[in-house]
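Here the chain labels run A, B, C and D in written order, and each chain numbers its own residues starting at 1.
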Amino acid sequence: MSLEVEQTIAAARVLIPLRDRGEEGSLGARNAVGPVLQPTLAETSTPGRRTDQVPHPPADALDGIPAAHRRAAPPALPELNEPGVVRHFVALSKLNYSVDGGFYPLGSCTMKHNPKVNEWAARLPGFAGLHPLAPDALAQGTLELMWELQGMLAEISGMDAVTLQPAAGAHGELTGILVIRAYHEARGDHDRTEVIVPDSSHGTNPATASMAGYRTVTIPSAPDGGVDLDALKAALSPRTAAVMLTNPSTLGLFERRIVELLDAVHAAGALAYMDGANMNAILGRFQPGAAGFDVMHYNLHKTFSTPHGGGGPGAGPVAVRAHLAPYLPTPLVVREADGRFRLERDGERPGSIGRVRAYQGNAGVLVRAYTYIRAHGGSGLRTVSDDAVLAANYLRARVEGAYEVPYPGPCKHEFVATARLLKEATGVRTLDVAKRLIDHGFHPPTIYFPLIVEECLLIEPTETETLEDLDAFADALIEVAREAREHPELLHEAPVTAPVRRLDEATAARHPELRWRGMTGAETPCPQ
Amino acid sequence: MSLEVEQTIAAARVLIPLRDRGEEGSLGARNAVGPVLQPTLAETSTPGRRTDQVPHPPADALDGIPAAHRRAAPPALPELNEPGVVRHFVALSKLNYSVDGGFYPLGSCTMKHNPKVNEWAARLPGFAGLHPLAPDALAQGTLELMWELQGMLAEISGMDAVTLQPAAGAHGELTGILVIRAYHEARGDHDRTEVIVPDSSHGTNPATASMAGYRTVTIPSAPDGGVDLDALKAALSPRTAAVMLTNPSTLGLFERRIVELLDAVHAAGALAYMDGANMNAILGRFQPGAAGFDVMHYNLHKTFSTPHGGGGPGAGPVAVRAHLAPYLPTPLVVREADGRFRLERDGERPGSIGRVRAYQGNAGVLVRAYTYIRAHGGSGLRTVSDDAVLAANYLRARVEGAYEVPYPGPCKHEFVATARLLKEATGVRTLDVAKRLIDHGFHPPTIYFPLIVEECLLIEPTETETLEDLDAFADALIEVAREAREHPELLHEAPVTAPVRRLDEATAARHPELRWRGMTGAETPCPQ
Amino acid sequence: MPYGPHTDADRERMLATIGVASVDALFEDIPAAVRSAGIRLPAPEPELVLTTRLSQLAGRNRTDLASFLGAGVYRHHIPAVVDAMLQRGEWYTAYTPYQPEISQGTLQAIWEYQSLIAGLTGLPVVSASHYDGATSTAEAALMTIRATGRTRVLVSRAIHRHYRDVTRTYLASGGHVLDELPTLPDGTTDLAALERALADPAQPVAGVILGQPNAFGLLEPMADAARLAHAAGARFVAVIEPVSLAVLASPGEIGADIAAGEGQPLGIPPQFGGPYLGILAASDDLVRQIPGRLVGRTRDLDGRRAFVMTLRAREQDIRRDRAASNICTNQALCALAATVYLSTMGPHGLRDVAAGGAAAARRLEAALAAVGAPRIHAAPYLNEFAVHVADAPRVHAALLERGVLGGLVLRDWYPDDPALADALLVCATEVTTDEEIARFAGALREVLA
Amino acid sequence: MPYGPHTDADRERMLATIGVASVDALFEDIPAAVRSAGIRLPAPEPELVLTTRLSQLAGRNRTDLASFLGAGVYRHHIPAVVDAMLQRGEWYTAYTPYQPEISQGTLQAIWEYQSLIAGLTGLPVVSASHYDGATSTAEAALMTIRATGRTRVLVSRAIHRHYRDVTRTYLASGGHVLDELPTLPDGTTDLAALERALADPAQPVAGVILGQPNAFGLLEPMADAARLAHAAGARFVAVIEPVSLAVLASPGEIGADIAAGEGQPLGIPPQFGGPYLGILAASDDLVRQIPGRLVGRTRDLDGRRAFVMTLRAREQDIRRDRAASNICTNQALCALAATVYLSTMGPHGLRDVAAGGAAAARRLEAALAAVGAPRIHAAPYLNEFAVHVADAPRVHAALLERGVLGGLVLRDWYPDDPALADALLVCATEVTTDEEIARFAGALREVLA
């Protein structure tokens, strides 16, 4: 396409701003099939519009509710008909990048393909319609699935018992740390007030330790990216309740001195917690329980492909070795001698830390993970990790010239690269590289994480991307490095092809506008 | 947005062409969330890729098939894994304009909202999983639904009997005309060889007449857009089998002299066929059977909101008055005295024209139409037409200054406007107006149809578009007329914001490339 | 109004702009004598009531039997990805791609469909879709008539009953002749009879139609039939079942001019009869005879590859009474389903489906023979075949009571053929389980005892 | 490999580029001593086998009973449009919107969610979502502790059993105290006891938590409780049920500082316990105490309105051990479901849901009273209430056999409360039919006879 044509396009666009009821002219350009910024629901609302969903109740339906308990005016909700709802949410969806739409190499997030059969399974009416307090006799299907999943996750981790309750990785961490606390308490070991966390750990690790009432002791990483074992040993003490280790680490590295490390932890009377969010690297290759970890959590929304949902939901089951099983939250799913399944009853396992959430887990997520594991079997899961690690090492090899790759290989499922030298040479930062990748059609990798590597990019390709896509991404990353040298302004301006350009985040934080302020109540009284 | 910024964008884009395995550089620019042209499945294929769907059968599974009946090489189908399939079809879908995405004022097509509950209903396993030859006892649910739908469509049309078999409007037309032929034949009236069709009729009307073995006699329209009654009377003769009338016509006009017209047709011994594709204008306002039409078809994919599916499927039920009921295709759905439902048996209605398709109809479409009718009831359907007509007349009033509106009002569900004067003044054609509307974010109206109005636009807003959207479209249409005078090049160049610009249709027709030629067979033998 | 947006205030504003006092005024063009006072239908139902009603209706259908019924419509595994793609509004709420600049999704998908069906059938020209297998067979017959200028078509009696009926309906209306070819005791079409029919100089034949597999599930000597047809100047039409083409010689290989058939097995649920997918493919020389839409590849002004409807002069909206067919709306979304299905299965997955069905059918044959229901025909079959049972209608009904849908009572389709008076046409596919086969055999043993 | 694309050829190419001979070489960093030889799991299953298995498992659940079980999770009509929107891959296969330029869909949707929940609750600061109602209640308790610098929280015994348990788990880990407030015979919280508890100078109270409706479905004197709490310098937390807010005084109106609750009734199916939606809303002065994500409105470089995650310094990835909570992944897709649900229902539709449930509950009350199961508490209720039946566990089991899920046996939640030893907690919603109520009453009459 010639530049003149593009300029015609540009001119044409300038002529057609989007009309927005609320804030005239602020939504950019119109477009028939591409992404277009949208007015908010409130701005789209028109008093009196609706699509009837349920019958109108009798006029006296609320006569039993004393006036003091009634609200003064109908709630401030928008009024739309179904077509308006559909247009709004379809149009919004088009503003999103997604795995269904493209390569999503977001390090530490395992953005793999989300199989469609998982979605089908979770929506089966028998699964979706089941009340969480339904008596066991009505819930045999889901209970059997959960029981099997407990077993499969125990096997994968090399641990002895699993709770499926935690709703996410961080929730699993909290659960695991509370289990550790209960273990020490039960043994009369009351003086352990510290949790040791490497500086490369995920932010949820120290946050969890705090939330559980521990003091966080941070230890540095060694030059090779692993834990500084000497520092660890120095930090270990009778006050240490646990060491939390992300393994493979957030640098994408397997902890090579794991045996020595675990020995040191246990020698200090502490327990070893493995953050298993990165299990996608080591399925069938490393079983944390067998190796000596005491407890770990999974991120089903990473390793086992349950979709991320724009931020959630997920599930963070916790696996423990036998000595910690008494403390797991209640209820677990148990199998009776007669083959029937049931939830543990209140008080059945008195050492339990209690509940960490209502009911028994994000069962809809568990159905998806179960489906995924069953689709793969043990051999398939091992291939998942093999291919994920292969893809990461391949990408690493391909971009190594254009970017600095600070840690020696092999990496596991992800690797860290840095634009440090590029920044020194051109003034272009990792942020600019990331934004420019958007113009090249890709979601950027995770940036500035882990915090310990300057100007870093954390790149995780997963096992479901084709070689063509890996190459296209590597080419783009290399091309961006070239652009940084030849046309740095392209990177500073980037992205220019996204629905919006860079945002004013400072003002957003300084004057938080967290909701629509224009609506104070429905504009029409409810019809009787 | 400033022009400089746009130029930066343009420059940036030029730097990032899409890489395409097949035809390097021919797919335009990359983009992270917007529409991007795609390589074909064949170009995406890689030998050996797949996602297992069914078990591998035993190696001897095909031993019973003589070699002479076996194909020489596996068929030329692409090899992809599921993520590849998802990416391909999600990306392709983003290149489409749709009702879920925006206003679609395509005249004669009734592009109304497609309710989501209809899609849910059609996918209920009880409906979707039913074999079409299942014995009546297994099919009571669908049979009841079809029986009720026959009755509801009879009531809406004011007719006596309905067949749900035809798969589309044109198929209904053929069915209706064959019924008419059978009627005349049964009465020994063998010399009727002509079908009269106004020149404003839909193309399927004359094509149907030909297909059914009739000679088509075309009669002109009167200056007011209605049928030229004198011409009709002159054309009617003992050779006339039927008059096919689209009412409201493709000009969006109700046939005002309908009573006189029907009298004339019947006086000539001919039957009156109403093309009911435009019923969205007159639900609850006009019942063709009660008014004297003998037969009509519906387009369920217009009036009753079953989605158009990018060109189909639809359903074209045919309603007839009692004297034609004996000839309807078989099987109808009948209700037994005991309340059970069944399909007619072979030979039960000996006058029947026979089958017009396999089995008994596009039942999946019928479920959607039934759902829609039930959601509305009689009063709701009347409001549908009232609002559709109101919206059309409103739009008509709004654009009347900017474009010529050749026929006096009121219109029904759609109206014709023409860019004739604009063309004379500026050289800009209706085609250019249509393409420029794309840049304004809208799907264009139907253009150059009906053929009898020069440079015409046929505009049908339907009842499900908001006043805001009607206004935005009217504004755009008016704005385009202004642009035609001030910047005609914008219209000649348009569209510039769509995924592709105007196409070389001439070459496409001169050298038809109707398929991928590169693949001749699967590149790997089937694994045993 | 369930889906309309208009409030009374909106309506007032519109009326004011139009300049009329009421909506009624907009309907005064309908003569008073024929104006309707409204229609009598059940009251409107909010979605909750509606969904309850529909769930109940769907629940009244019984789809839980062990089913061996095929006869043109087959139970297959449909990958979840198929419906996941179809549910995107961009596909199903779009219209025919008349504006190619904003319809490249649908256009490329149809072009891919054409390519895949060309790959399966070995015939290069593929229409964008027809209503179903029966109407595409009828259109194929009309093509042979247009292509040869002759008016007589021969169709094997071993073609799906409905396909013969529909072809007869279509041909009769134009005054054309459809004659049936008898079958041999082995269940295949009598080629000697075909030869005789083709030899009649008084009635030159436009087209010959055979099915592969035929209506009894049997494999026909297609190449021989095609050769005979061509020798007599007629066109040869193969009615195909698309899954079988993963393993059977393609229409292109056996020398057919046209392939017609039902695409339902390619990812489309049975849903009591439709929507399905009429497949129609032809050789290059018939490109201007083929009815229905065609999508071609071209370029845009900037040289980007793009797709567009082409050769439209065959269609009704341009050609009116001289169009190749009156077809307008087709089955585009079903063609999309088939496209997603075929690209998910690939050549090897589709072969597994076909071979899995064949393997299951052989197990079924053995199980039924063992309980006294032997196969009737000697010709080879793929995954469907006829078995003999005394008093077939009664047996069929008795099986139903035992939770088994024992195929089709062939007497219903061939009432005047004594050889088929006591026959059940049964099929198996890759979804048929050994447990279902055992259930069938067990029930049959009981019933026959 | 079901979903991976790599062929052996691909793998060879990658290994060559990396410069290693085998994939095993990439795992040599795992010490041999702890390297796994593989995991023992069932064999891989192709999708056909898998879907059969899952259908069977789902079929083993029984969801066909007439159900009167609520207790925090409610059956409601879910408009079809909700799932139709959720099934778009753009929503569910996206991650947390860290790159706002290509995540405006998710960001605006969360902002809309915040706006709608603010509209419902009357509280202006709404977090993007928490795991469920129990954890958002626990987080609310922690907020009151952070906001006041005190460590003791009071919770009504008439709060969902699990919510109390979870809050206790969360508070205990930080060494904080959770004390329970008793209820009066009418089923509401004992405000005199609250007043006494607040008056203890040795144990200043950070927060007071009451439910509206409470765990017995009853309406609490929220405004009075809030006034007492504030007078003692404590924060007041209302645990709400969002549908009820269509008709009940909002947390904002009654003076609550924080609202927490379960969003499941807003378009999310029960699915045996999750994923659900933890609602958490607060007054403006608590904006820096609220845990979880917040989305704010801003502009881009060209002045276009856009949305972005904001006030991130509260979060774990920035603040690490000093973060407001460790929450990272939340329930974004469920928040989207609630957003689509609420925009579909609107204020009047939501009122119809709430009022429809209230009306059905009154009919249920009358029907049960008529067969000998009178209501236990005197306080007003919305759509859930407790009835007395002798030997409640036996009655509940006997009802199950008659196809009725007769609510919750309250003894399970309050084993030491004699007043609740023989009580069933039953609920009705807009989906409860008269036929179901009649079935319940009929079965109960039988069982009690």
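Going forward, contacts are C-beta pairs under 8 Å (C-beta built on N, C-alpha and C of every residue); 3 or more make two chains touch, one makes a residue touch a chain.
Quick caveat: nothing in here was measured; it's all calculated off a predicted structure.
J.: Taking each chain's centre as the mean of its CA atoms, which one is most distant from subunit D?
T.: Farthest chain from subunit D, going by C-alpha centroids: C.
J.: Quick one: report the Å distance separating subunit A from subunit C, using the average Cα coordinate of each chain.
T.: Comparing mean C-alpha positions, subunit C is 45 Å from subunit A.
J.: For subunit B versus subunit C, what separation do you get between their C-alpha means, in angstrom?
T.: Spacing between the chain centres: roughly 19 Å.
J.: How many Å are there between the centre of subunit C and the centre of subunit D, using C-alpha atoms for each centre?
T.: For subunit C versus subunit D, the centre distance works out to 48 Å.
J.: Among the residues of subunit B, which are close enough to touch at least two other chains?
T.: In subunit B, 1, 5, 28, 32-33, 35, 46, 49, 51-55, 81-84, 86, 90, 94-97, 100-101, 113, 115-117, 119-120, 438, 443, 464-466, 495, 498-499 touch at least two other chains.
J.: Which positions in subunit C touch two or more other chains at once?
T.: Counting only residues that touch two or more other chains, subunit C contributes 2-5, 10, 44, 47-48, 51, 77, 79-81, 83-84, 87-89, 102, 302, 430.
J.: Touch graph across the chains, line, ring, star, complete or other?
T.: Basically all the chains touch each other, so complete.
J.: Spell out the residues on subunit B that touch subunit A in their complex, using ranges where they run on.
T.: For this pair, the touching residues of subunit B are 1, 3, 5-16, 18-19, 21, 28-36, 46, 81-84, 86-87, 90-91, 94-97, 100-102, 113, 115-116, 438-443, 464-466, 468, 472, 475, 483, 487, 490, 493-499.
J.: Residue numbers of subunit D touching subunit B in their complex, please.
T.: 2-5, 7-10, 44, 46-49, 79-81, 83-84, 89, 102, 302
J.: In the complex of these two chains, what residues of subunit D are touching subunit C?
T.: 47-48, 51-52, 77, 79-80, 84, 87-89, 430-431, 433
J.: Show me the residue ranges of subunit A that touch subunit C in the complex, using the header's touch definition.
T.: The contact residues of subunit A facing subunit C are 1-2, 5, 32-33, 46-49, 51-55, 81-84, 86, 90, 115-117, 119-120.
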